[in-house]
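Read through the structures below before going on.
You will see two complexes here that share chain A, one where it goes with chain B and one where it goes with chain C.
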Partner chain A sequence: MAYATEVRQWYQEEIARIAEAGLLKQERFIHGIQGAEILVEFPPGSRPRTVINLCANNYLGFSGHPEVIAAARETLESRGYGMSSVRFICGTQDLHRELERRLTDFLETEDTLLFPSCMDANAGVFEALLAEQDVLIADRLVHASIVDGMRLCKAVQDTYKHSDMGHLEEKLVEHQDKRFRMVVTDGVFSMDGDVAKLDEIVMLAEKHRALVCVDDSHATGFMGARGKGTHEACGVLGKIDLITTTLGKALGGASGGCVSGRKELVELCRQRARPYLFSNAVAPAVIGGALKVLELLTRSTERRDVLERNAEEWRRGLVQAGFDVKPGRSPIVPVMLYNARLAQDMARDLFDEGIYVVGFFFPVVPKGQARIRTQVSAAHEQRHLDRGIEAFVKVGKKYGILGKGKRELVEAFGG
Partner chain B sequence: MPSTNSRALGSPRGAALSDTDRELLDAIAETLAGLREDADEKWHDIARRLEAAGWEVGWRIGWIAEARRRGVHEQVVGRSRADAFAQLASLALLDDVEGCP
Partner chain C sequence: MDDLQRTIRDYVVKEYLEEGDDREVGESTPLITGGIVDSFSMVSLKRFLEKRYGIQIPDAEATPAAFDTVSGIAALVQKFRK
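Presenting the complex of A and B:
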């Protein structure tokens, strides 16, 4: 079918509808290396300006770390630019397997398989392991990629109310007739930054004979005393059957993800997971960078310690200034505003003040839960946090929201 | 005048028909019509070909439940209406929010 005028028109109108709904995603061009301070061109064509970045997943600041860049460059030189193959044909270098071993050691699991991204890992893992006689029981706020993976799997799909252990147990009891039950949750939830109750989930899973799968993308590298992830933070090392996680956030932020866990489950993913079977291997330079990140993480907990302190200080600063902040212990610190327009306006004003944050509202978060999601990094210095609070206070005063809770904010701006 | 394609029947022993009874009668009529349309047995050829290719082939009548909202369309097939709607509810919950990257 030719790309006829009416076809073009339909797509143009669809894009216009997205824009009218205020949901058009616009990219901001960063000139330079990802970090605490970045040079941003926005709107397109404008002169780039330096802003403090409070919305990256660069939790440990490894995206621009000199040793990581040097390791990636060295691997680029020694191992080339790309593999031009999927892993199982001729796309596996010794370094791919070495990184899988190192991730296995770091996460304290039995085996690991790399994927092009954690999005791909989540898209492939369930279909590879479960069938129509099984059930997936997911927390209702799991990441979109888990939802996609569930849809690709023939297993019965069910959900439990967010972090509601009573409801999860009801579901586990309800599905006792299934061959296998798998509970699926994020370790740290990306919207609210809250931590899954993995200790309780594991207890329920043992009681009702279920497997547990955790997407720890927003936790690997810094949650827990040695940064191993939510399973370490919750005291359940070795008890999670499957962990999916990413190299695209704290572990250097380039690309790549993995499935790590029970040996047989990982091996079956190697045999069956379609995103693994039909996607190119992760680029050698990314592997080299990730190996260096793991080496640095194993050598010292300094960066995750700094991140923990920064997150505490940032959260405390916002609360003391009078913002309504979601409680938690992760570096995801959502400033609750409840109104989509307010979230957008404040994010724009903060950008004008040199602070790069993004407003999130429905359908990205539930209706009436609009917020600015801030994310702290170990790369942030005291001056970045101080300047950030200063800007938030200035903009907060402009809108008269300081010291106001949910009820007052909704009354003033609507939910 | 009733059309030639319809026929009025008194309910047996004058029993009052519930909504479920009416739905059941509709389903029976729909099933009968569907089976008559299948009389050419082309579907049977397909089933035989699939079996010859190594598939274990089966079929049964089920309930379809569906829901549409904005650009999203969810559809499930269940063994019973209750089963279909339970599946539909779970699927719809997964669509409640897109989630943060």
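Presenting the complex of A and C:
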């Protein structure tokens, strides 16, 4: 069929509607390696300028780490550029399995299966393991990829109020007639930065005979004393049935994800998970880089320790300056503004001040919960944090928001 | 607000509002477009209605638009109770 004028027009109007609603996403072009300071071209065509990056998932600073780059380059040379195959035909190198074994050891699980991304892992895992007679019970703030994965699965779906253990228990009781119950949560919630109550979730799951699945993408590599993740931070190592996580954040930030957990569940994903079965193997260079990251992580906890200190300091600085910051202990530190326009305006002014942050608003976060999400990295030095606070204070003063809480902000700017 | 609407309203308040959220829910309060109920969590409301009133609401009818207000949901229930 021809791409008829009216078809083109419809799509043009749809894009215009997104723009009119102020929801058009525009990429900013980074010239160089991802890091604490980056050279950014924005708007397109403008002269690139150096800004401090406070919105990357580069929690441990491995995205541009020399040893990781060297390992990836070495693997590129020795194992080639791509696999030109899905894993089960002829796309599995010894290094893929080696990385799966290393992830299993690191996460202290029984087995691991790599996926092209954690988005793919979440899209495939539920459909592979559960059926009509089962139920998935998810925290209402789980990542969009879990929502999509649940929709692809035939199991009954239910949700509980964010981190509300009483509500979760009600749901577990309500669904006692199902064959299997699976509780699904993020380990660290990506927009709020708070940590799931995994110890309580595990307790409830044991009481009501349910499986537990945790997406630990914003935790693997740094949460817990050895950086194993939220399950380590909450004292439930070995008690989580399924962990989905990513290589695309703290573990080097390239691409790839995995399902790790009970060996039978992982094996069934190997047999049935469609994103695993029908997409290419993760590129060898990425595997080489990820193996190096795991080696560095098990050699020393220094980077996660630095990240922890940076996150504490950054959070304290914002709070002391008078910003309304969501409480938490992760490197995700949301500055609450409640008004979408204010979040956008402040993010733009901060960029002018040399600070790269992004405003988030509905539908990415609930209505009336607009914010600037800041993310700290082990790659940040003291001067980056100091400069960041200085810029936030300057911009905060401009809008007269320092020292104001939710009620005052909503009164002044609208919710 | 009649009994049916009140039952639906009470369920919405209990099931979807967080503790401390004192938003008023009336018969025409926008639930989904107003950000009280998201489409992901809407399934429990559908299941509640089906169980409580012994009806089956086809997925094609259980749209976010149809579930956007207490009065709209009540009308949908009435339609399938007949």
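Basically, the second predicted complex is superposed on the first by the 415 of 415 C-alpha atoms of A that agree within 3 Å, B and C clash if a C-alpha of one lies under 4 Å from a C-alpha of the other, contacts with A are read in each partner's own complex, and residues count from 1 in each chain.
The criterion applied here is as follows: a residue touches a chain if its C-beta (ideal position, glycine included) is under 8 Å from a C-beta of that chain, and two chains touch if they have at least 3 such contacts.
Fair warning: this is a prediction, and the values are worked out from it, not measured in the lab.
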item	value
Joint occupancy of chain A by chain B and chain C, clash or fit	clash
Chain B versus chain C as contact partner of A:Leu294, first or second or both or neither	neither
Chain B versus chain C as contact partner of A:Ala219, first or second or both or neither	neither
First (chain B), second (chain C), both or neither touched by A:His162	second
Touched partner set for A:Ser190, first chain B, second chain C, both or neither	first
Which superposed partner A:His143 touches (first chain B, second chain C, both, neither)	first
Partner chain(s) touched by A:Gly368 [first = chain B, second = chain C, both, neither]	second
Partner chain in contact with A:Leu129 - chain B first, chain C second, else both or neither	neither
Common interface positions of chain A, toward chain B and toward chain C	138, 140, 147, 150, 156-159, 362, 366
Chain C partner contacts - residues on chain A that touch it in the complex	138, 140, 147, 150, 156-159, 161-162, 164, 362, 366-368
Of chain A, residues touching chain B in the complex	138, 140-144, 147, 150-151, 156-159, 190-191, 360, 362-366, 373
Residues of chain B that touch chain A when the two form their complex	87, 90-91, 93-94, 96-101
For the chain C and chain A complex, residues of the former touching the latter	16, 18-19, 34-35, 38, 40-41, 43-44, 47
